[in-house]
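See the structures that follow.
Consider the two complexes below, in which chain A is the common component and chain B and chain C are the respective partners.
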Partner chain A sequence: MQRTLSTRMLLNRYGALFRMPLVENLAEVGNVVSAVLVMTMFMWVFAMLWQAVFAAQGTDLIAGLTLKHTLWYLLMAELVVLSKPLLAEEISDSIKTGSIAYDLMRPLDFGLFHLSRYAGHVAFRACVNLLAGGAVVWLLVGPPPAWQGLFPAVLALMLSWGLEFCFEALIGLAAFWTEDISAFRWIHQKISFILGGLFLPLDFYPPWLAAVARVLPFASIIYAPGRLFVDPAAGRLLSTLALQLGWLVVLGFAFRLLSDRALRRLTINGG
Partner chain B sequence: MPAPISRRKGEEQVVSIRVHQLTKSFRTRSKQEGLTGSWRALWKPEWRQVPAIRDISFLMERGEALGFIGPNGAGKSTTIKILCGILHPDAGTAEVLGHVPWQDRQQLCYEIGSVFGQRPQLWYHLPPVDSFHVYGAIYGLDRDATRRRVDFLVDVFELQHLLHTPVRKLSLGQRMRCEVAVSLLHAPKLLLLDEPSIGLDIVAKQRIRDTIRYMRDEEGVGVLLTSHDAGDIEALCNRVIVISDGQLIFDDTMDELKRRHLTAKQVNVRYLEEGERSLPMAGVETVAAGRYGMQIRFDPRTVGVDAVISGLHGLGSMVDITISDPDLEDIIGTIYAENALDPDAA
Partner chain C sequence: MERKRGLGFVGALWRVNLLSAMEYRVPFIMQLGGMMLNNVIYFAFWVLFFDRFEEVQGWTLRDMMLLFAVVASGLGLAMMLFGNCRAIARIVAAGDLDRYLALPRPVLLHVLASRSSVPSMGDFVFGLIWFVLAGDVTAAHALRFLLAVVLSACTFTASLVLANSLVFWLRRSELLADHFLNAMITFSLYPGTLFNGAARVFLFTVVPAGLTGALPVEMLRDFDAATLGWLCAGTAVLAAFALLAFQIGLRRYESGSAIVVRI
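And then the complex of A and B:
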């Protein structure tokens, strides 16, 4: 008996998996409260820090960005990092405990299964973080510099979480070959923070470093959405989205390749 | 070695699992002891093939309840994993509900349900009803169909009061009932149960067994059950397969298992008056003796039951007597022991 599913059924299936983290997050109010606290505190610390930097420099503009630009940029950068679930751990734990084998007993695609859950988690956390962090930044430096940057930023955010999903899933799958993935996680995280521009916009870096960092995937993840949000010029929009899409193709392909190999290895060698 | 299984006409309708000379081994790294050993293993790793199962063949009919027992590391879960399609065998063939599991896993998923005692499938922080609906969507059921099926299962498994309580607040027994119910949501033809009663108290165990039996009779779901608990097997299965050290050492009905291996009967007797007693009969062993009673064991093939009873009767006026078979657990222990002594017994 060959079973084929309609598109509606597939949407229904992965839609249900997408909704599950939303329901879970709402059921666990404590998690939401702690997320709000972390975001509020981070943005407040950033605001104090950058107010002091701009005051010390005695200028309104550093590398073409005002204090308002900088803080709204940092809000977006933090949003990317703080709204994602711990996917690499989740995958590597399921490999170490062998429970990944049981996940394979469902009529689900490995990648889409994780992606829909990841997206559900991100959607909820991003809304909460945006409201909490946005309120702090708004109170301290006023509304965003360009409202027309919102839609491009949302687009870029989605692509950046897509990229981050691929990175995390690749790191998680590495558990098939090495027992401990914490070294990979650590390296990825630190490189992302520095070359992605989590603590300061890449514009503030020495020009040669900024030029290199901008084309790397880490900037497509952390730097791109925020920079687009505060300065949504048409040229920037196109080049940013094109670069993000390009990296997504590369990393998505790498993920497919590695997950296929990993699952084949599992079915041959056992969990 | 079991005879090769040939396919007969019309067999497709009645056979749910067909396994023929299934063999699987795993490659593991071996290392000599100590620092030198570690150093050597780093430069020149040595690999060793560890056999998990060897030449396993059996048939399971549709709607049959088959118990699968064996000590830890015997190859039970390797076999189950191959039957689910999550492991490739090295040699041999297998067919589950007409599918070759490792080639057709995605299709097979729709037709089998599974409960792995150690691997919960319900969302821990949410009430079971949420998980039921997600699994409904995963298996391609529409909302109404899911609702109807959930209503039915809630009735059978008596989940009315549990449905809206977060799973983490349910007792282990309640959780297990929900786990078994959710595994039946898509009306599978075959249910794989791996240690479903692990950690449950006797009442919860009984309840789970009753509902599984009900579903087996009601919907004709085949049950393949692995358990350490002989009671589960006894309550649910009409046939039992024993594997040890990767090999099939017994495959027959429950009754046959008892007939062949029930070589002892146990008698507990209580007397009205206090006194020191013993039964000096050939082939009768005194297990325990007290002031008012005693426990003896004998082989009914060599000593007649009536001779033993009249012997006991002659020792005083009896107030109570029970004659029982040893537990399944003891029987299985005997089978393992026999096979450990004689590796070619299979």
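And then the complex of A and C:
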């Protein structure tokens, strides 16, 4: 009885942390409008670029993808990137200002505390971005090529945000050792963009680079959900989820290890 | 005499900004080098793209290198010299303009030059290196490049002052100003020939990214007086609008009555 109650209490606590960003985002109408504008802008620019490319190539199919596949893929890739909050910055700021002391005083696990809030932000932003970006892409090239890709893509998206959470948290925790983490953030972001296939599906890369990039975690984060969405073959689904889960175990373990070491370094003065 | 004193004042601000940035050597070098590396990795997208497609609407990899060189150096120069151009909305909303109003100096110039962004120095240097790597480094071409960078920097500064000045009417427009900067950078870094008709008009008016990237590169590729004339005229009009918007907006500014001590 005691254990059931305690589990329920914990779920209530983390549930409240998940709901909090939803309410915060709903209260900030400006954020919603900006998200819609940014997503619309990106998809519009991509449409211009890829329409020009397909027209110049004089073909409907490049590396097995049509213009419709490419734009819906790019929408899912942008969805991953534009829906995540700036967790690394948040953790780094809390370390620099010392407010991490308040976070640690709460009767909550440090990782789960941030994961719950992160998930709340992602859930809200992903819905807004999907509606805005989806409307633009639908207007430009029509409906998604395969509706049955939606469920596998949602599964892959959740795992990809889990992976991204680990990366962001690891970078944020680096503030325990370095004064400034912005260089790490930029470099991680750009490597993810390139090796994850944010602007260009990995299928368009030179074969050797595509082969290397596909097994790295960046592709599991950005490339995997979009590629599953436009081509939800059973074999692809299984290999994608297996790779994502494998990386999640590795990065989750790395996060736990680093956060334990980092929090041991923490010295709080005053009261 | 007055102008000379004004220049001396701005020069002193820049010197202080640079010295305070360099006070913390390791973060300074990390931010500068990190931004350069960040740009190099970002450019890898276009290397992969042109490896696959060779050309898009008349643009090649070399043109993209020139585009990145002009935009990075232009934006870097603007943020190095007038780093607060992206923060005016935040300064006004927080009532922090008071500290500038109390001093006998031109308010806008004082606000703009009070901050230099360290990562932007990395952008500026990256642009110079990229220009050299793009080839054709003759004296005339280098001169045209420097002119393109200065005009691009003026356009970035003026359009950001204009977008940030909306805060005088909208009260909270920080997010809008941030997204405007993102839109400027995004649209600046794509081949200009992708955008036609209404899109092109949009990129020379509402979000004038055409003046910070595509048009300067057109001037570099095939120099002619008409393109330079359009570029100068566009930049001058934007600067005039920015100045006007800030001056009119300033009359609407109400003090936050915040007591702040600057040391």
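To be clear about the criterion, the second predicted complex is superposed on the first by the 261 of 271 C-alpha atoms of A that agree within 3 Å, B and C clash if a C-alpha of one lies under 4 Å from a C-alpha of the other, contacts with A are read in each partner's own complex, and residues count from 1 in each chain.
We adopt the following convention: a residue touches a chain if its C-beta (ideal position, glycine included) is under 8 Å from a C-beta of that chain, and two chains touch if they have at least 3 such contacts.
In this text the structure is predicted, and so the values were computed from the model without any measurement.
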Contacts of A:L82 with chain B and chain C, given as first, second, both or neither: neither
Which superposed partner A:V53 touches (first chain B, second chain C, both, neither): second
Partner chain in contact with A:S99 - chain B first, chain C second, else both or neither: first
Which of chain B and chain C A:L17 touches, first, second, both or neither: first
Chain B/chain C common contact set on chain A: none
Residues of chain C defined as touching chain A within the complex: 24, 26-27, 30-31, 33-35, 37-38, 41-42, 44-45, 48-49, 51-53, 55-57, 119, 172, 175-176, 178-179, 182-183, 186-187, 190, 194-195, 199
Touching residues on chain A, where the partner in the complex is chain B: 1-3, 5, 9, 12-13, 15-17, 20, 23-24, 27-28, 99, 101-102, 104-108, 266-270
Residue ranges of chain A touching chain C (in the complex, touch as defined): 30-31, 34, 37-38, 41-42, 45, 48-49, 52-53, 56-57, 178-180, 182-184, 186-187, 189-191, 193-194, 199-200, 204-206, 209
In the complex with chain A, residue positions of chain B that touch it: 26-27, 52, 78, 81, 84-88, 98, 102, 105-107, 109-112, 114, 116, 119, 121, 123, 125-126, 130, 133-134, 136-140, 142, 166
